[in-house]
Every structure is written in structure tokens, then in C-alpha cells.
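Please find the structures below.
You will see two complexes here that share chain A, one where it goes with chain B and one where it goes with chain C.
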Partner chain A sequence: MSRSTPRLWRRFRRNRGGVVGLLLLMALLAAAPLAPVLAPHGPADQDLLERLARPSPRHPLGTDDLGRDLLSRILYGARVSLLVGVVGVGIALSIGVPVGALAGFAGGRLDQLLMRAMDVLLSFPAFLLAVAIVGIAGPSLQNALLAIGVIGIPTYARLVRATVLVVKAEPYVEAAHALGAGTGRVLVRHVLPNCAGPLLVQATLGMGTAILEVAGLSFLGLGAQPPTPEWGAMLSSGRAWVLTAPWLLLWPGLAILLAVLGFTLVGDGLRDALASAQ
Partner chain B sequence: MRTFVLTLATILVLTGSFLVLPVHLPAVPRTGEAVAGPAPLTGGTLIYGKPKDAVKLDPHNVTDGESFDVTRQIFDTLVQFREGTTEVEPALATSWRVSRDGLAWTFMLRRGVRFHDGTPFTAKAVVTSFERQMFKHHPHHRGPFEYWASMFGGYPGIVTRVRALDEQTVRFELSRPSAPFLANLAMPFAAIMSPAALERYGEDIFKHPIGTGPFSLVEWLPNERVVLQANRGHWAGRPYLDRLIFKPILENSVRLLELEAGTIHGMHGINTDDVPRIQRNPALVLHTQTGMNVGYLAFNTEKPLFRDRRVRQALSHAVDKARLVKGLFGAYGVPAQTPLPPVIWGHHEGIRPYTYDPERARRLLAEAGHPRGFRADLWAMSVARPYMPDARKVAEVLQAQFRAVGVEVRIVSYEWGAYLERSRNGEHDMLLLGWTGDNGDPDNFLYTLLSSDAAVRGSANNLAFFRDRRLDDVLRRAQALNTREERAPLYRKAQELIHEEAPWIPLVHSVQLGAVRRGVRGYALNPTGDHRFHRVWLEQPGGRP
Partner chain C sequence: MARYVAHRLLLLVPVLLGVAFVTFLTLHLTPGDPAQIMLGERATPEAVAALRERLGLDRPFATQFLRYLGRLATGDLGRSIQTNNEVLGELGLKFPATIELALFAMGVAIVLGVAAGALSASRPATLWDYLGTIGSTVGIAMPVFWLGLLLMLLFSALLGWLPFSGRLSPASDLQRVTHFYLLDSLLTGNLRAFGDSLRHLLLPGLTLATVPTAFIARMTRAALLEALGGEYIRTARAKGLSEPVVLLRHALRNALVPVLTITGLQFGTLLGGAVLTESIFAWPGLGRLTVDAIFARDYPLVQGCLLLFALTFVLLNLLTDLLYVRADPRIRYRPEPA
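The block that comes next holds the complex of A and B.
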């Protein structure tokens, strides 16, 4: 893996979409930690006498219906979105990967049991399942993250299981077994490295999806709660002003669009680079 | 996910189209309508957009305006308010008299009136409609009947008996005199229902409302539409409209878009920021009415946290009411200092408001044992109300102002029916709600909303669950007196007590807003928040909205 990294980068670089995506992601990555420095106002600071102000030097992107600075909210929103992407995918990975590996290695009844459970999860429309989970657990950002994590599990489990099944039959794995390597060692040394590429691609794409899904949940009032500056929630509360102050919708909409686009382009770029690297 | 993407796309497209659409010019503001005009035309269908569907179509078993907006058209009351006022005039009763001691009210009933199911309206119907509400053991007493309890102080409360003297005469017997009694009978909960329908439908009566009103129910598709048709045999003459359709549309902005597009004829629930847009549009007419209402925050005084008066006073000092009202209500609201709106007699002008003073709030919190503040839930309605078009925004402002004194608030919302039910059970810490007066009497605010008689779990209208013996005593004494001159000082005293104890933060008295398309005539807003359609007519009955 380490030797192929420069080559991967060379191939990735040739993909123009991927590079644009990377730039978008870097902007997101920069905005999140730097929000307190860059933001001209606090994200929850209200100025009720300056509601729905048009973009101006004082409020470069205008203000929302409670007089909060939109630029500041968008910047702080980047933190929430990044957190959502990382944690959402993290939950899915940390459960999905072991489940997939276990199912693939153990085979038999356990495999059947685990994969049928994954099928059950997959058989629900993902977003509906997330709405159901949040509906039961109560609307909050944490629960939305949990829901997004849960609905991501089967994707990773299946991915890992498929790779395990292929690798398990490889002669070198049998050789390793014959040499006395335990299942754990085989898994870590031989199987997981083979999954790394596809998992990376899937996780990158998954972060984009997670952001979009949490934005969707927040839009429905099931995710981030006020005054958290979450883009989907901002979009939702800006809906009422679609005709009078369209910038309330425009900026969070654009932010979601660009963030998700960034992750998707990078994910696609990675996939192409990996495919051609092999 | 796809729905979200679609919504997003729609929003972006709409946003874009706004940028290229021409703006209506010139701006000619229009408010209300001239009284004189052409003779009304008969016929046509009017579609009216409202924020939410009715919870039930059983006026005895609901308390919210969204339900009453519909039941008002289907049911009549013994007496009614003259349109646009709170003056009582005859309706199903043609005349009445009260005994000298104020304990017996006798009503002479209108002859020849029939319910929508064809059965005749008689004294028995009046008796059944009231007994059903007042006696817990009555076979048709199925439901909370919270309005009755909050108006008359329990079951049966101060009304001990309703008696049919003959087919056309009914007598109410009271255990103590009640000055607002007559006006109470004009309120929508005092609707007269067909006893035959009660027998026939039992617990399902809320889906099959049978009254004597100007319109009868054709169909009710919950959350979709309520279709009513003209009662051609109504005792006060048939309504001009043939059909009246109520269409619930949750979002204020979407409802307004529909009005602009002409898919509905009229609506209420208007964001104050949208008012200029309505005034600019030559196809629309804006109606305004100084509301007989109050929007408030109630502390649940049953929760240990809010049992301490200092905590309630502290938060009262933490709210910058002037800024809140100016920012969110603009010209269509005034800050409230007492539960009683200034348009009602007995309003206390001299209440010294809790000043906006975060420092003092923090000090009071520290004294009460919360030097570092605390966490609590604040409930906010998800539905536009006449006294608060967007409660969640009000909640967000309060959240920020409370945070400044160290109190962290989580904003909680439920579906409208659940919101009312849970709050009646006292599940909240703090909640936003409001009240539109039904009868122009201070009793209808102060006793109904803050007496201990109205603080019974499950049927509470006193959502602060505030129980104060001094206040109860003042309010009951005021009920028993007859003239305004005698009662007003007691109500002023009551407002002082309430102010001092701070079970509420009274927030705003707001101006009611409504809008109809040009060509809809006879539409008017009432101080009671009623929307009546008996005398509404269309200039082009055959046309589409």
C-alpha cells in the first residue's frame, strides 16, 4: 500500500473532477477549525432589529430571520457537517467491517444470520429507516448521527464480506494458514489490506451521503435542533422566506451542494485511480 | 432522501424564478373592505386555507381555534356574538331572562328549527348538549370536555342543572351568580348538537357533527379537506355560498403561495413579514383586526424547578420583550405585560413591567440556588396561531435570551393535537401557547387560564398549573358580581397578583391577520378569532378561485 501511494496520487491528479472535489474538501476542512477566526459574528448571535438583511459589508451573506449572520452560520455549519460525515461513516465502518469480516470468515449459519440481518436493514428505504430511528429515539443531532451510522452498516458489511470470500480462497491465504497463521493474523495482514481501497472509496462517498442525509433529517426537524447552525436546518427555517429573502435558502443550499459534491468527486476520483492502479 | 433532493431542487428553482419574476407595481396598500357595495350573489364554492386541520369536529371536546373554525359553521349556539363584536344577540334562543338572584337563566327557544339530520330542535337537545358536558356519569360524556371545566369550574361546576320546562323553554340553574354566564353560552363549546346523532354515532360523534348551523358536513378527509354545504333551511337564511371547503396547509408561506396562485380563496395564518407582499398584490385583500388575544410562556409550576417564584421572576427579567415583539411581530403586535389584552375592559394599565435586566435575572437565579443556571425544555407550537404566527421563532429568541443568563433551553415541538394533549397532562417544563378571548370578558382570560379550577391534569387550561388561593378567591368574587364597575377592581387586583407571582411571561397581544382574493366579499375577522362564512359571498360564483 505504502509503495503504491505516490502512484495513486499521480493517477488521481489526472482526474480533473477529483482535484476539484479535493479543493472543495480542503475548503470545508479549513472552514471547520477556522470558523471562530473567520466568522464575523457568533453563529447564534441574534440581532432582531436587523432581520432578513441583504448581503452587505457588515453581513457578507446577509442575515436570517432572527438577525443572525449567515456567513458565520455557514462557517460553523461546516463543523457540524464535517462531524456528521466523519462520525456517521465512523459508526457504519466500525460495525460494518467486523460484521462483514466475521460473516465472510465464519461462513455457514453465522454468515447466513448476519447477512440476513443486513438484508433486513437494506430492505428499508435508507432515509425512511433513519426517520424511524430518530422517531423512536427523539429528534437530536446525536440520534440523527446514530441513524445515519446504522443505515450505512450493510454497505460496508457486504463490501468486506465479498472481499473476504474472494481472498479466503487465494492460495497465499491457504499458505499462510498452512504455515500456522491464526485467523486474526490472516484477517489483519492479508484480508483487510485488500479491502482498504474499496473501503476508502465507499467511505468517501458515504461521507457525502451522510451529510446529505443529516441535512435531510434536520430539514424535517428531526436532526440538529436550534440554535445549532446546521445547513439542513437552516434550509428548513429559510423555506418561509423563499420569495422575500431567497438568500436564506441559497447559501445553506449551496453549502450542502458543494460539500456533497466535494466528497462525491473525490470518491469517484479515488475509485478511478485505484482501478487503473491495479 | 429523494424527497429531500426534490424539495431542495424545488426550492432552488423557486428561488431562481423569484429573481426573474416582475414585481407588482405600483404598490397600493389595501386594508379591509367598504361596507356598502353591490347586492350579494348566491352560489359558488369557497376554498379556505387554514394552518391545521380540526382535531375533532365535536365542539364540546376541543379547545383550539382550528377545530372551532369548522364547528362554528356546523353548529349554532343559544346566543351569539354580533359579527365583529362581543355583544350578545339571539340565535337559537329568541329571548331570555335571569332571576333576580342571578341563579336561574331561562331561555325561550326558536321554533321550527331542524338539525341537519332532519330531527327538530327542541329543549331536549339543549339539555342533552349541556348535560353531556357537565355530568361525568352521562352516557355521552366520553372525552376530556376540558372547555366546560375551565369555564364553569369542574363537572358540573357552577351549573347545577339544565331543565326543559317545556318543548321551547330551557332553564339553567346556577349554584352562584355568574356575570359572564350569558356570554359563555355564545362560545363555540356551547354548541347545540342533535341528540339523535349522539345516540346514533356514540363515540364517533366527532366524525359526524350534526348541528343546526349554516353549513352541514359533506365529507372530512383528515389533513386533506373538510367539505361543507349550505344548509338551505337555516333559520337566519341560507348562506350565500353553496359549498365551503377548508383546506389545511401547514406552512404559512405555502398557504400564501396558494392564495397568490388562486388555488384557495382566503386564508389566515400570515407571517408579518409577508404583509407588504399581500398589500402590493392587487389580486389580494388584507384584513386586520386588533386581536383580543395573548401569546404567553407558561412555567409549569408543578415542576420543582419552577415552584420557586424567584426562578420565574428571574426568567421574566431575562426576556427582552420589546425587542422580541418589535423584531418578530413588527407593527402587528404589542408587548404584553398582563394576560388581559388592552382591548378588554378591566385591563390593568398600571402594571410595572419586569424590566429587561439579565444581571438581576442572574442574581435572582443565584438566590434561588441556581448560580450556574439550569437546563429545561421549552415547548413551542409547530402551527401558526392567530396570537403567534411562528412560535418556533419566538422560542429561538427566548432560547438565546435565556442562555444569556445561564439557562439552557431545548426547544420541543409536537404535532398540534399531541401538543395540546400533552400540555394538558402537564408534561412540559415551560411552554408557549396563547389564547383568543371568546366572549370579551376578563373572566375568560384570568379564570379560564389561571384559576386552580382550570388546573386539573388531563383537562387543564391553566397550563402553568398555577394554584393560588388569593387569586382564586378574587376571581370567584368577581364572577358573582354584576356590573363592570364592581368587577373591574377585582380583575385589576388579580392581574397584580399574577404579575407578582409570574406563573407566565405574557409575551404579546397580536393583531389578527387574514387575506382573501379580490372578489371574495363579506369576509371579516372577529375579535373572538372566529371565522364565519354565513355572510361570505363570491362576486363570480361560477369562477374558479
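The block that comes next holds the complex of A and C.
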């Protein structure tokens, strides 16, 4: 993998969409740690004399109904979204990869049982299952992340299982087994490198989906709770002021779109680069 | 074909058992005692105990699940905590609204998606192709709840062309027959009500259609480009067939299976997206019912909604699979040897 990285980059660079996506992701990655430096105000600072203020030099994107600076809240919101993407996909990967590996290596009844369980998860419209899980476990960002993680599991499990089934039949893996390599070693040395590319693509796309889904949950009041500066929650509270302060609708939504677009474009670019590198 | 359908229906049994288990399990995700949560802090211990008994929460886990399955088998989904009405009845009232919205959105998505994809593929690397590609990329990443609000702001608030919310104007005299309002208005010959319900359907329908349109357009473009490279296309052109005939009769027919696949997958997006779209446009369907039930802590109703959504999704997926056979006669299904 490491030796082919420069070649992968050369192929990725030629993909215009991928490069645009990378720029968007870099903006997100910069905004998250730099929010305290870049933001003109604190995310929860209230300026009660400047409620629902139009965009001005003091508040470049205007303020909300509590007089909080919209630009600052959007910048701080990048932290929440990045966290959502990384943790949401992290949960799905850390359960999905072992499940897929176990099913693939064990075969037989255990394989059947695990994969039917994945089928069951896939029998629900994904976002709806997340809504139900969070709704019942209690609305919070933490539960929203868990729910997003759970609905992402089957994708990764299927991917890893498919790779295991292919790799297991390879003569060099049989040889490795014959030499006394355990299942763990085969998994790390042969299976994971063989599905690293698809997993990377899937995880990148998955981070975009996770951000979109958590924003949707927060929009319904099921995810991040006030005063957390989360983009979906900001849109939801901006709805009440749609006629007096339309900027409250415009910017948080655009932020979600650009962040998701960044992950989607980079994911697609990586997929194309990997496919043409074969 | 009949044997294949029977086989597929049989395969649904374990999946549906699993679905019922997950639905059943949701009640046990509650932090604390579900009965206490449903009745609130001020409920008397007697009332809580009575509800615990009614829900069967005082019995062992396995017994609870078997009883739940037993009740499901007889179509008994319990009663709503808020209204004390049968859950099945509540679902029946809202279900047509969601199906009408989802089918309308899917219709729009198939027409627009296939048209946009075909336009792109027939003129690769032109302005149309770039516009289509950019449009579908943005569409896939679109937060539909945001798009819905923007459309509402533009067409309802600023231009005043379309209604803000609901399925019908309050003054409408539509007679309800099937509760699919477009169908009802046609059945009763009420053209005014037809126009009225169509106008109400337009914004939520377009909002919900965005993501599926983008996916279908993308897949149509890719599948058509691949099909257009085939030898038979060269033959068709050599025969002197016009380009539209080559594209629509020869290439599109062969691109149909991947397009069908992605369309089937989009039913999940549609049903999940209905939750958000219905909330924005106050569409009185199953999605909004789910959210309302969640905030009211009406768990039997939440479970019923979840179950009905999953059942619909599973059956729509089965339908898509059956359509493959129609689309591509080479696909022959036979039961796998067990």
C-alpha cells in the first residue's frame, strides 16, 4: 500500500471533483481546531441588543434569535461535524470489521447467523432505524452517534467478509496456515491489506453520510441539544425566523452541504484512483 | 416464476422474525422503566404497575418476546398510550399519505433521473454532461431538510405559488375513499380537489425526490455509457437506425438492470427521508407519526411505525428483485440447493 501511495496521489490529482472535495475537507479540518482563533465571537456569546441582526462587519453572517454570532457558531460547528464523521464511522468500523472477519473465517452456522443479523439491520430504512434508536434511548448527540454507528455496521461487515472469502481460498494463505500462521495473523497480513482500499473509500463516503444523518437527527430535535453549535440543530431553531432572518436558514445548510460534498467527492475520487491503479 | 416468488417469500420469514426482534428490543433501550417513562413522573405506583402488567414487562424476557410475536401474528400491535386507539388503526390512517408521497417522489426521480442520465450519456464531455454530473454530485450530498425549507421559503413564502403544508386545503370537499387523495379525487370526479392535492404534493415530493434523482441519473449515465460501447450498438447504427432509437430501444434496455438496482436501493432513502420531509411540510404520514410518537414516548406506536416501515421496505425490495427477471430474461432464478 505504502509504495503505491505516490502513484495513487498522481491519479487522484487528475480527478477535478476529488481535488475540489479535498479543498473542502481541508477547510473543514482547518476550521475545527482554529475555530477559537478564526471566530469573531464565542459560539454561545449572546449580544441581546443585536438579536436577529442582518450581516454586518461586526457579525459577517448575522446573528440568531439570542444574538449569537452565526459565523462563529458555524465555525465551531465544524468541530461537531468532524467528531460526528470520525466517531460515527469509527463505531461502525470497529464492530463491522470484526463481525465480517469472524463470519468469513468461521463459515457455517456462525457465518449464517451473523450475516442474517446484518440482513435484519438492512431491512430497516437506515435513517428511520436511527430515529427510532435515538428516540427511545433518549435524544442526545452521544446516542445519535451510537445510532449512526449501528446502522453503518452491515456495510463494513459485508465488505470484509467478501474479502476474507476470496483471500481464504488463495494458495499463499493456505501456505501461511500450513506454516502455523494463526487466523489473526492472516487477518492482519492478508485480509486487511486486500480490502484497505475499498474500506478507505467506504469510510470516507460514510463520514459524509454520518454528518448528513446526524444533522437530520439534530434537525428533528433528536441529536445535539442546545446550546451545542451543531448545523442541523441551528437550521431547526432558525425555522421560526425564516421570514425575518433568512440567513439563519442559508448558512448552516450550506455548511452541511459543503462538508458532505467534501467527503463524497474525495471518496469518489479515491475509488476512481484505486480502480485505475489496478 | 411462481416457485421463485414462493421461495423468496419463505426466505422473508427469518428476516421478519429478526425485524420483529429489533422492534421488540427498542422498548428495552429505554433508560429506566418504560412504563414509568410513558406515564411520566407524577404517575401513581399503581398506574405504573398496571401498565407494566399490560405491556407484559413483569414477565421474563423470552416470554415477553414470544407473547409479542403471538400478538403480531394475530395483527394485534397493541394500543397507543396517548389515544388508547389500536396502533394498527392509527397506522392505517397515516400509511396512504406516506405511500402517496413516496410513490410520487419515486416517479419524479425515475423520470428526471433517467432523462438527465440519458442526456449526459448521449453527449459526453459537453456542457449538458458537466451540468448533469455536477447536479447529481450535489444532489447526493444534499441535506433534504434544508432544501425543503428553501423551496418552502421561495415558492410558498415569497412567491405564494404553492401551499406551505398539509395534503389538502382545509375547505376541500374531497370524499375519502382510499385515502390516496390523488386517487380519491379522480374516483369521485373532483378535479378541483385533484389539483389541490397535487399542489400540496409538489414541494414535499420534489424535496424527497432529490437524492434518488441524483443517484438514478448517475447510474443511468454510467450504465448507458457502458452499453453504448457494445458491438450491437455499432450494428444498430450501421443498420441506419436513428440515434434516439439506438439510445432508447437498444442501449437503455441493456442499461436497465443497474438502473433498477439503484432504484430499488433508493426506497430506503425515500422511506427514511419521509421522516424529515413530512416533518417540514406537516405531511400527515407515517414519518411524522413516528417522530410525534417518539416525543410523546408512545412506545407501542413507535414500535408499530418501525415495523410497518421495515415491512414496506422489505416488500419493495422483493418487488425490485422480481422486476429484474422482467427486465433481463437472461436472469433465471432457481432456489439454491439447501
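Heads up, the rule we're going with is that the second predicted complex is superposed on the first by the 278 of 278 C-alpha atoms of A that agree within 3 Å, B and C clash if a C-alpha of one lies under 4 Å from a C-alpha of the other, contacts with A are read in each partner's own complex, and residues count from 1 in each chain.
Definition applied: a contact is a pair of C-beta atoms (placed from the backbone, for glycine too) under 8 Å apart; a residue touches a chain by one contact, two chains touch by 3 or more.
Because the structure is predicted, anything quoted here is derived from the model rather than measured.
*Asks:* Return first, second, both or neither, reflecting whether A:R16 touches chain B, chain C, both chains, or no partner chain.
*Replies:* Neither partner.
*Asks:* Scan A:G67 for contacts with chain B and chain C and give back first, second, both or neither.
*Replies:* So A:G67 only meets chain B here.
*Asks:* A:R239 contacts which: chain B (first), chain C (second), both, neither?
*Replies:* Both partners.
*Asks:* Check the residue A:P227 against both partner chains and state whether it touches chain B (first), chain C (second), both, or neither.
*Replies:* In the superposition, A:P227 contacts chain B only.
*Asks:* Should A:R51 be classified as contacting the first partner (chain B), the second (chain C), both, or neither?
*Replies:* A:R51 contacts chain B only, not chain C.
*Asks:* Tell me the contact category for A:T264 with respect to chain B and chain C: first, second, both or neither.
*Replies:* second
*Asks:* Let me test your reading of the model: by the given contact rule, A:I256 touches which partner, first (chain B), second (chain C), both or neither?
*Replies:* Both partners, chain B and chain C.
*Asks:* State whether A:F219 touches chain B only (first), chain C only (second), both chains, or neither.
*Replies:* After superposing on A, A:F219 lies in contact with both chain B and chain C.
*Asks:* Should A:A126 be classified as contacting the first partner (chain B), the second (chain C), both, or neither?
*Replies:* both
*Asks:* If you lay the two complexes on top of each other, which residues of chain A touch chain B in one and chain C in the other?
*Replies:* Touching chain B in the first complex and chain C in the second, residues 126-127, 212, 215-216, 219-221, 232, 235, 239, 242-243, 246, 249-250, 253, 256 of chain A appear in both lists.
*Asks:* In their complex, what parts of chain A are in touch with chain C?
*Replies:* Touching chain C from chain A are residues 17, 116-117, 119-121, 123-129, 131-133, 135-138, 208, 212, 215-216, 219-222, 232, 235, 239, 242-243, 246, 249-250, 252-253, 256-257, 260-261, 264-265, 268.
*Asks:* Quick check: in the complex, which residue numbers of chain C touch chain A?
*Replies:* Those in contact with chain A are residues 14-16, 18-19, 21-22, 26-27, 29-31, 137-138, 140-143, 145-147, 149-150, 152-153, 157, 267-273, 275-276, 279, 287, 290-291, 294-295, 299, 302, 305-306, 309-310, 313-314.
*Asks:* Tell me, which parts of chain B touch chain A in their complex?
*Replies:* 1-5, 7-8, 11-12, 14-15, 18-19, 251-253, 257, 271, 273-274, 277, 323-324, 326-328, 382, 390, 392-393, 395-397, 399-400, 403, 410-411, 413
*Asks:* Could you list, by residue number, the parts of chain A that touch chain B in their complex?
*Replies:* Per the touch definition, chain A meets chain B at residues 44-46, 48-49, 51-52, 65-67, 126-127, 209, 212-213, 215-216, 219-221, 225-227, 232, 235, 237, 239-244, 246, 249-250, 253, 256.
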